[in-house]
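Two complexes, one shared chain (chain A), two partners (chain B, chain C).
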Partner chain A sequence: MIMLSVHNLFQNKIRLSISIGGVALALSLIFSLNAIFAGVEERITAYINNSGADIFIAQSGVQNMHMASSSMPETVEDEVKTIPGVEFVTPINYVPNMVVVGDERNLAYIIGLPPDAKLGGPWKIFKGSRHPKSGEAIIDRFVAEKTGISIGDEVEIFGRQFVVAGLSEETASLVNSFAFISRSDFSTVRGGANTINFLLVKARPEENPEKLAKTIESQLGNVTARTTAAFSSLEQKVVKDMSTDVINLMNLIGFLIGLAVTALTIYTATLSRRSEYGVMKALGARNSYLYSTVITQALISVAIGFVVGAIFTWLVSIIIQGLGLNLTMNITALSLIKVGSLALLIGCISAVLPIRQISKLDPAMIFRGR
Partner chain B sequence: MGISMLQAIHITKRYGFGPTEVAAIQDLSIKVDPGEVVLIMGPSGSGKTTLLSMLGALLKPSTGEIRLNGDVISMLSENRLPDIRLRKFGFIFQDFNLLSALSALENVALVAELIGLNKNSARKKAESLLINMGLEARLSFLPEKLSGGEKQRVAIARALVNDPTIILADEPTANLDSKVGHEIMHLLRAMAKEQNRSVIIVSHDQRIKDIADRVLWLEDGEFKEMVTMVMDPVCGMMIDREKSVILDWMGKTYYFCASGCRDEFINHQETVTQ
Partner chain C sequence: MLLAYRNLSQDKTRLAISVIGIALALMLILLLNGFLTGLNRQVTSYLSNSPGSLVVAQKGIRNMLGATSLLPQGVVADSLAIEGVEKVVPILSQFVILDLHDKKQPAYLIGYDPDSGGGPWQLAAGRKPQTDSEIVFDEVLAKRHNLQTTDIFKLMGESYTIVGLSKGTSSWMTSFIFVRKTAIEKLLRIPQTASFLLVVPNNGANLEELSARLDAITGINAVTKTEMAANDISLFSKVFSVPLRLMVAISFLIGTMVVGLVIYTATVERQKEYGVLKAIGASNGTLYRVVIFQALIAALVGSVAGVSFALGLAKLIMVIRPQFLIVLNLSDVAWTLVTGIIMALAAGFFPARVVARLAPATVFRK
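== the complex of A and B ==
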């Protein structure tokens, strides 16, 4: 049966190429979308994951940074410092705003950092300073290149001019970037000099961060303390919740295209061999055998299409990376499983119509010269 | 391979309903013995194909019965018929009907696998049959690379690989030149006589009369004339038994094409006994 499926499939190379190409492109569309969103998720949580902190402390009830507002009195910093197991802390200010260059406005999360902040600063510097002084800003390299800005040029943040002192890397996603200024500037232009938005905590090496987070919550009472991993995961969930509908819609479109292409090619392939299936029926092959042959053909098509689609997407991600575009494509194991399952589904559904054709075949037709 | 006897008893096949009803086969009976070659001839539209389809368990009669070794197969449910076809019948078609994507060997081995042989055994059996058919050098060839005669030999090997007791052949020589057609005819006769298989052939080819034990003329769904062919023991020619010269000799009956052959036979027998 597998031999027959393989031979049937590979006999007509053009049809095979169309079938596999169609499936590969459709699956590649799904792959790419998933990879792009996985890349966005990765970039959106990049700040949290690369902050160097073990624990994030926010205003009570605030579980993430994206589209959230957290405000705490500065005194929290001193209270946390006294808790056993805490090695050091860094208070930061944070608000979504713009990095403006001329007429170009770039959405950015603005981070206010204390001088010589040990945590929460840019983790990878392409050029210039890592610690913004008063009147200075560190912006993402991609934003700088896009707007033609370099070290020493000025950008507008919160309506005030800042001199670009450093260019950071891996701090931009498809939709926004991170920009770093000093906490004193942040307080000056935003007000609220005695407030902080988040407190980043480094635990002592021997301390369990999860346990320490619980201790902080119970001792301070009015804050939310989460380990970096938990905080990052909650951040991802928010992004996921916001993008799920879009991803599902695009997945559905990719699925339908893949289904249409596979179903059509398997259907026409079966029709073209109608008389051969009739011969096999006449010779004594059972319907189940013929159905299995068609299903195997469909599954082989989508399996090859899946591999080609995955390789194609991977190559695209490599090319994008090589071109230095502000787009990260992250092909995850979960995405492989998800697209693989969709491919399996496409294979099975696309075999339904041909199977109906075979079930209606009259084996006696073979003597009637049809 | 067991010995099977195929029998159709008062079978009728009707198509359509009411005023459009047509009887393709009308109250027809036939019995085919093991080792017998039966040739069914008749004009186009006479019902030959319908009869062959019913005898091969591909089509059920409207009335009457098809029996195989006494068992009524025409009453079996649709899901039991594939197994009967697979194990009891071998089919040979006018257009060869080989699977185009498979090699000669794979075409034959596929049927062997269908009857339950594992891949290796199926290929060995198929290979042995094809070698016997003189196709040793063509095993890996796709059908498109084979000549008409080679294709029909592959089809015959495919029809034999399941060790059927009954071979049904539909115009087996129609697409072959006369030399190859002649070879195929003798191959079919050998299958009947040496392997004790029943061979039922539907054909317009008059030459096949030479290898048939019996020739039936089908017209308007009925047998109009039944001719029993016998072999002249002297010249070896196939002759109509009813029109032959008959000789009863030493308790046996002999049939001759003419009195010359009969006289030669008598002279020879007398010389041997002296």
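== the complex of A and C ==
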């Protein structure tokens, strides 16, 4: 049966290539969208995951960093320091703003760091300093290369000139990047407000961060304290919750396109072998045997389409990276399972029409020469 | 041409499946474009409906939704003193993440002074906030999460009573919600500050000259609302353009392959007949035209079906998920039809090669 299915499918290689290409592209539609959002999730948490902190403290009711605002009095820093189990803390300021070079404006999350910050600074330095002093900024390497800036040049942040003292890596996404300045500069340009936006905490090695976060929340009362892992997962949830409807819709359309293409292929392949199926029926082959042959054909073509689609999406992700677009595409195991299940469903449903064709087939017609 | 039509319509099931395949691919292209157009309209809805023609922002900031602007103290008075300024409306705004029924929903919180303006432009229910513990919620967002006027809503540790539901302030990305300016000042711990000033010029004032005069104030820059809206659109386009182009390119390839598969199969099936036509003197040009015409018919029917599918599905999506706005422009529809024709021409290539290579003698040997 499998041999017959393979033979039927591979008999016309051009038709097979076109149909596998169609299925692969339809599945890659689903793959790509899932990979893009998985990539966004990864990038959006890059700062949190690489901050070096065990716990993030924010204003009460604030559980996110991106597209969120948190503001706490500076006294929170001293209060947290006194809690047993806290090794050290780093207060940071944070606000989305622009890194401006001439007419080129780059959206950036500006982080204000205290001198020699142990946490929350740039985690990978390409060139120059890791700790911005007053009047200095550390910007992303990609932004610097794009705008022709190097160490010692000036950029405008918050409408003020800063000398580029360092270039960081892995701090840019498709839309924005991170830039680091000193907290004192941050306070000056933001109107001298004595507030901190987030407090990053390093727990003592023997301390359980989850337990410590709970202690901090209960002792301070008016803050939100989350372990870095929990904070990061809440950040990913923003992307997930925003994209669920879009992803579901695109998955449905991709599924329908894949279904139409596979159905068309299997239908035409069955149609062209109609007389052979008639002969088999005349020789005593049961309908169930012929049905299985058609379903196997459908499953083989979607299986090949699935593999080609996954490889195609992977290649696209490499090409996009090569083009320097800063768009990360992550093909996750979950997305492989999801698309694989959809492909299986496509294969089974697309065999319905050809099966109907075979069931209506009259063995006698081959003797009539039809 | 009749031959092309008969070849194609000989197997109606195959034609129907192929038309659906093409239609779905084109529908996807149309929907993606409509989705982006809708999103652009939604993200600029505040700027389109708020007072003034110019926006004063912190120096270096020329968009509303991308960067956080904080104006230096005293800018309101300084701006009012500028010749050509009739009124300034200060607002304090900030992105916030709302936790609604265990779902994270970004929203753009606008703090405004009800006496000056800059708040919701149309209320579906209730009234504007009169105290610092009152909030106006977006109507669609409220409906999705079963929120009504008089409900208590917690934001960044503070409790607010929903007193009104605003219309036209919804978006998949950023619904707008409104509180009094003094309320957001307390919430963000930045008293007596503003993010932006919406500037209403005197009648007949030249916007360019007025903008230049405002720019002279230290620490700020003035941008026309049109430019600011364009900058916001450009920011969101940057986010979506690469994934969108990728999806459109894949959809185009799928559509082309579907047309190609149908025409190729139809041509191979009729190979013998094409050979006979060649043997009785039909030129390659005539046979190419038959093949291409078949591809054009399939693509055109698929394109028309794709446009109809897109119109129907867009309406359905907006009913089920009112936070999405899908705007299908006539130009997008025209482009989709052109895309269908390009698909047909590309797809006709392989089958045309089959016909071209056909030796008339083969029909007599079989």
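In this text, the second predicted complex is superposed on the first by the 351 of 370 C-alpha atoms of A that agree within 3 Å, B and C clash if a C-alpha of one lies under 4 Å from a C-alpha of the other, contacts with A are read in each partner's own complex, and residues count from 1 in each chain.
Basically, a residue touches a chain if its C-beta (ideal position, glycine included) is under 8 Å from a C-beta of that chain, and two chains touch if they have at least 3 such contacts.
On a predicted model such as this, the values are computed, not experimentally measured, just so you know.
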Return fit or clash for chain B versus chain C, each positioned on chain A through the superposition. fit
Answer with first, second, both or neither: which of chain B and chain C does A:275 touch in the superposed model? first
Kindly classify A:230 by the partners it touches after superposition: chain B alone (first), chain C alone (second), both, or neither? neither
If we overlay the two complexes on their shared chain A, which of chain B and chain C does A:249 touch? Say first, second, both or neither. second
In the overlaid three-chain picture, which partner chain does A:267 touch, first (chain B) or second (chain C), both, or neither? second
Chain touching more of chain A, residue-wise (chain B, chain C): C
Pick one for A:15: touches chain B only (first), chain C only (second), both, or neither. second
Given the touch rule stated above, what does A:125 touch, chain B (first), chain C (second), both, or neither? neither
Classify the contacts of A:308 with the two partner chains as first (chain B alone), second (chain C alone), both, or neither. neither
Draw lines from the C-alpha centre of chain A to the C-alpha centres of chain B and chain C: what angle do they form, to the nearest 10°? 90
Quick one: is A:284 in contact with chain B, with chain C, with both, or with neither? Answer first, second, both or neither. first
After superposing the two complexes, the shortest C-alpha distance between chain B and chain C, in Å, is 13
Chain B partner, complex, touching residues on chain A are 3-4, 7-8, 10-11, 273, 275-276, 279-286, 289, 363-364, 366-369
What residues of chain A sit close enough to touch chain C in their complex? 12, 14-15, 18-19, 21-22, 25-26, 28-29, 32-33, 36, 59-64, 67-73, 95-98, 100, 105, 107, 156-159, 174-175, 190-191, 193, 195, 222, 234, 237-238, 241-242, 245-246, 249-250, 253, 256-257, 260-261, 263-265, 267-268, 271-272, 316, 320, 325, 327, 353
Report the residues of chain B in contact with chain A in the complex, numbered from low to high. 49, 52-53, 56, 58-59, 79, 82-87, 89, 91, 93-95, 97, 99-102, 106, 110-111, 114-115, 158, 162, 170
Chain C contacts chain A in the complex at 11, 13-14, 17-18, 20-21, 24-25, 27-28, 31, 58-62, 66-68, 70, 72-73, 94-97, 99, 103-106, 154-158, 172-173, 187-190, 193, 219, 221, 235, 238-239, 242-243, 246-247, 250-251, 253-254, 257-258, 260-262, 264-265, 268-269, 317, 321, 324, 350
